[in-house]
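Shared between the two complexes below is chain A, which has chain B as its partner in the first and chain C in the second.
For the complex of A and B:
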């Protein structure tokens, strides 16, 4: 197999794994807040976290440029301080994948946490267990199927991310060309053999992840 | 030990304003659904915060609005048994009970575990998951879990209402038995007149968020005080229990 194909596969997996790691950490935290707490700005947080799910990925990518670009709200001070910008790096692909996959994790985990019987949580508190302990020993194990399903879906979404990624990471062969971007390039340049191989591999990987997600979500607790 | 409760809470369509005191006895909060019984218990446990008032036990202050004291449920050391046994479905009976042993060191935890297993007749059930247990067994495990760390107060929120009549009657006997070993204030919420009459040392009657009567069961449930007690069913029940 061509080294460029292997590179794209490797980069896609690397980006998806790192993005999913952060998606799980941040997603479970936000899902817990939305499922269990009442606070001012809850609806706003929910809307902001869900937006990347309904917006075109190119719009998400555009906002990422506004925030993280060399002249962006956060990107500018970082560039002035360190001389480094995230734009057009593989880390930008991680960022884009993180943002588009996060809503899937939040929504799946939130739904799973909301199904946990509130009496179980109250019992745990009256037994002297802290909120953190209750979360790790009661809520999380009881919501684990939903969390696994959310993780698998987020990983698959991160692997397949294209629109926002090409906006912030570009299409630099050997640096930022993840599988979806490499397929786009091959199709554009008429390299159909490579496009066929990448598309076939991607289809198999996606199907496997969907099967895994279905298995987790249909299993009983 | 005693428990003094004086609490107020206002919602858009309901207002709770009650004041009562109990000692090391079994007090039944009795009243119809929606009268504020369970809400009172939630407030005593620290699961719901009153708008104003005080909840104290001797010199211990659980809640005092004026002094801005409101202990969390974790700090109150109260055992709470809910209407549903609320056993953790992913844990075995043993794990459920041990989960209640917060603050005990390993030696104490093992000793207390053996004590409650004997007291609640749970030998042989330790490895079973809640789904493999009957309603009565689940509720006995819920009691064991609530009592393993020797709470200062035991709160029972209609713990027998979901059980069928035969199991419920067994659980009443069981509660009478275990009260010989636990000398702490016990508060039982119920809307079942038989349960209230047969178990209570003291009855506090709630209606629409207020206390309408309180006293010994034979005072509160006398035909003069409560005309429903004249029904043949209630009379036959009392006869069977030897009250007349």
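For the complex of A and C:
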């Protein structure tokens, strides 16, 4: 198989795995806040975290450029200090996938946490367990089904991310061309053979992943 | 009973009105055109519509390669205006254009641009290879004609190999322009006509030397599957022959050298 095809497959998996790792970490944290706490700006946080779900990825990508671009709100100081910009790097693909997949994790995890019986949590507190301990021993295990579902959805979304990625990571052969971008690029330049191969592989990977996820969640939960 | 006949009569009248009014509407000519033609075509359309009142012109702008693929796959279009003869030839090979309808109507050239404040301090083509971190944006040579011409220029100057790892591939020529204007990249190679559009944000350093790339002729042709063959050919003729169209093309920086 062509090395550029292998590269795209490897990069897609790498980007999706790293993005999902951060999505799970951050997503569970935010979901916990939204499900269990009341604080000022809660609704705002909820809306901001859900926006990438309803906005077209091109709009998300546009905001990412405004924030993280070389002349962006955060990107500019970083670029001036280090001479490095996240634009057109594979890390930008991770960033795009992270932002787009995060709402899926938050929403499913939050729903799962909200169904956890509050009495169990209160009992744990009265038995002298700290909030952190209660979270890891009571809430998290009881919500694990939702967390698995959120992780699977996030991974799938991260793997298939295209619109925001092509805006911030660009389409650099051998550097940032994930599978969806490579397929788009091949189709646009008439390289149908490579597009066929990549599309077929992508479909197989997605199907295998969903099968595994189904089996995993039905047998272990 | 009376109520029923009233309803039937109303519906009949409404239908008649709808059917009749359909005939009054102008024919809609769909022109699939290269991104670099956007501004000039949007000015040519109202003038054409004034001259030919029973036709309204709609545009579908994109990279020529993508448009060619769309038309080849059966997307509706009446006219195809490409930024490169190559994609016209590809479509012709698939019997996608009406024989004898193809006309060259403009010529373009390539220029090297940098953001206004020129952060990488690039002063010409030869500086492109100097900084290792310089990011240089060109269109994707596979699907964007402007990218192919840019690649030709770089190859001609023996720069392509050297800077290949610093190249960012834009999905169409306007994206290249936008990345440079925003300062996301240090330099870009675009059409001379594009550089003019955002002259406040980008600086033109130099034009690609004559002969460093193939002549950039813009061909337009009638799509063979179009239902409006006559109107489409008329629009193509208008582009290549009419004085007002020629004036507008020149106003936007296109050259008419070699255009009959």
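What we mean here is this: the second predicted complex is superposed on the first by the 208 of 221 C-alpha atoms of A that agree within 3 Å, B and C clash if a C-alpha of one lies under 4 Å from a C-alpha of the other, contacts with A are read in each partner's own complex, and residues count from 1 in each chain.
Heads up, the rule we're going with is that a contact is a pair of C-beta atoms (placed from the backbone, for glycine too) under 8 Å apart; a residue touches a chain by one contact, two chains touch by 3 or more.
In this text, all values refer to a predicted model and were calculated from it rather than measured experimentally.
Visitor: So, A:189: does it touch chain B (first), chain C (second), both, or neither?
Guide: In the superposition, A:189 contacts chain C only.
Visitor: Which partner does A:69 contact after superposing on A: first (chain B), second (chain C), both, neither?
Guide: second
Visitor: Taking the superposition as given, does A:141 touch the first partner, chain B, the second, chain C, both, or neither?
Guide: Once the two structures are laid over each other on A, A:141 reaches chain B alone.
Visitor: Looking at the overlay, what does A:89 touch: chain B (first), chain C (second), both, or neither?
Guide: Neither partner.
Visitor: After lining up the shared chain so the two structures overlap, which partner does A:50 touch, if you call chain B first and chain C second: first, second, both or neither?
Guide: neither
Visitor: Quick check for you: in the superposed arrangement, does A:4 touch first (chain B), second (chain C), both or neither?
Guide: Neither chain B nor chain C is touched by A:4.
Visitor: With both complexes superposed on chain A, which partner does A:170 reach: first (chain B), second (chain C), both or neither?
Guide: After superposing on A, A:170 lies in contact with chain C but is clear of chain B.
Visitor: What is the contact status of A:130 with respect to chain B (first) and chain C (second): first, second, both, or neither?
Guide: The answer is first: A:130 touches chain B but not chain C.
Visitor: Considering the complex alone, what residue numbers of chain A touch chain C?
Guide: 65, 69-71, 83, 85, 87-88, 166, 170-173, 175, 185, 187-191
Visitor: Once bound in the complex, which stretches of chain B touch chain A?
Guide: 45-47, 72-74, 76-80, 82, 84, 86, 88-90, 99-100, 102-103, 145-146, 149, 155
Visitor: Where on chain C does chain A make contact in their complex?
Guide: 63, 65-66, 69, 90, 133, 135, 140, 142-143, 165, 167-171, 182-185
Visitor: Over in the complex, which chain A residues touch chain B? Could you list them?
Guide: For this pair, the touching residues of chain A are 117, 119-120, 122-130, 137-138, 141-142, 221.
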